[in-house]
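So the structure is just underneath, and the comments pick up after that.
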Amino acid sequence: MTPAAPALPPALDILGIAVFALTGALTAVRMRQTFVTAAFFALITGVGGGSLRDLLIGAPVFWVRDALVAPVCLATALLAWFTPVRWWQGQLLEWADALGLAVYSVFGTMKALSWGVPPAAAVLMGVVTACIGGVIRDVLAGQPSILMRPELYVTAAALAAGLAGAGVVLALPPALTWAIAVAAGFGLRGAAIHWSLHLPAHGGEE
Amino acid sequence: MTPAAPALPPALDILGIAVFALTGALTAVRMRQTFVTAAFFALITGVGGGSLRDLLIGAPVFWVRDALVAPVCLATALLAWFTPVRWWQGQLLEWADALGLAVYSVFGTMKALSWGVPPAAAVLMGVVTACIGGVIRDVLAGQPSILMRPELYVTAAALAAGLAGAGVVLALPPALTWAIAVAAGFGLRGAAIHWSLHLPAHGGEE
Amino acid sequence: MTPAAPALPPALDILGIAVFALTGALTAVRMRQTFVTAAFFALITGVGGGSLRDLLIGAPVFWVRDALVAPVCLATALLAWFTPVRWWQGQLLEWADALGLAVYSVFGTMKALSWGVPPAAAVLMGVVTACIGGVIRDVLAGQPSILMRPELYVTAAALAAGLAGAGVVLALPPALTWAIAVAAGFGLRGAAIHWSLHLPAHGGEE
């Protein structure tokens, strides 16, 4: 019944969720919200994408039966709350988020494939895993979401997920597929951070 | 375990999803967004309502295991992106959307009934199927959603779904139920488009 | 397969849902929306939180197979629509909402525990049950959600859910756990209403 889903090394998995959760908690802190808001934002950003993926593919929602994920998200909110905001204003967090984006895009695609989802939909599940937590965070915060900004964010997730799907379809060795897909997604997102790359916008009704 | 859910003729089904997806992609194009945004909006608008219906009634989400739906939504986004926006400014798209609204309201109700959902909730599932994709599109775009506009849109979906539920409860022949319910929903929405009909708004706190 | 989930006395359960639904319908009425909008807001506010809880813990969504809940939400919308708005401007509704908040926080936690969810996640499910309907209502209405306001609302839900979880972990008698947790959550929310208590906000980027 339950297929052998791919697993990230547990420490890496928790670290990745904590990075996403931290971006959520910091959004609340920068908006001068309360600790309860910061905790909710940490949780939604940390687990939102994976939750939607699991609901859509019919898998048990990964964090609900896990004893560690929810406490880690709450601990991340405490960290964001009690440390100076300027600690988090360098680019370290943005680069960690870029790595999380690439890793979870690939992981989400692999998990969907292992549950029997066909490749095109599985690639979308990878993008959902990596991006939807941030989209919900932005909608709740009343900010333009990463979906609506021209910077290369969702695009980098789509590249990583697409390469992961292609690697599985072409039967490449899993380690090679992971390496290529994560490197490409992280590289594209990193280039977008470093050179402020943007996708071209449509000209509208002209 | 899996009941024999009603099925639309496959070509009609894909066409209906494509019409909804096109309204999503065009929203992104008109807001001068990027192609990635247009693709996401196409997907969410095309499959959002049916996804929520399937999650609520406990059915497998219809498009996740389908090899065709996701690629069709992405192709629709390409169509919206590479064709002149003025192609889509006539009323043809609005009338196609009206037909899709009526058909999916009936289909959603029928599918919910076939999964054992009682009539009142099944009618709501019909409305959810037809309307929620557009609601999510509007919330993500930061626009007032079709839920919050006085034009007769959700109302037409409710009429079609309600008649479908009534037809099943009264044991009318399925073809007759479909015909009456789709015609009534399409007619009401069409009348609303043609004569700019509105529901009365509440007077508020007066 | 299906654990013996805790149940509220049916009349109390329907009353609690009706109170939440009424706050949704009144939001639409105060915004001078149409009846269809009021009905949708009643439904979403009444059942939104419990629906997300059930999806996340893998339980059948409670109201979809129930013949009573959806009609009661629609009847509540009729009540809000046809009665003078000033009937609902006293504090009675706010106090009823406070009681619903406490009761559903405890109920959601208990239901999640009975489905095998570990304590920390079960407490979050309690908060989700009590608060998410209102959050969706506020996002659809384009208003700052209860998540983003400093008043003690989510906090009171978290207190009630946390005490419920603690009572089960400590194996207190269920009736005692319910009494302590509901009283504490209702008391905190009531104190917040009466004295306009707020959580401290973060200082932001200072």
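General observations
We just call them A, B and C in the order they show up, numbering each chain from 1.
We take it that a residue touches a chain if its C-beta (ideal position, glycine included) is under 8 Å from a C-beta of that chain, and two chains touch if they have at least 3 such contacts.
The shown structure was predicted, so the numbers you read here are calculated from the model rather than taken from an experiment.
Taken over every residue number at the interface, the positions common to subunit B and subunit C amount to under half, indicating a different-residue contact.
Between subunit A and subunit C the CA-based rotation angle works out to 120°, given as a multiple of 5. Spacing of subunit B relative to subunit C, judged by their CA centroids, is 29 angstrom. Under the contact definition stated at the top, the residues of subunit C that touch 2 or more other chains are 55, 139. If you check the complex, the residues on subunit C that touch subunit B are 28-38, 40-41, 43, 51, 55, 60-61, 63-67, 69-71, 74, 81, 85-86, 89, 139-142.
Considering their complex, residues 55-58, 112, 116-118, 120-121, 124-125, 135, 139, 144-145, 147-148, 150, 154-155, 158, 198-206 of subunit C touch subunit A.
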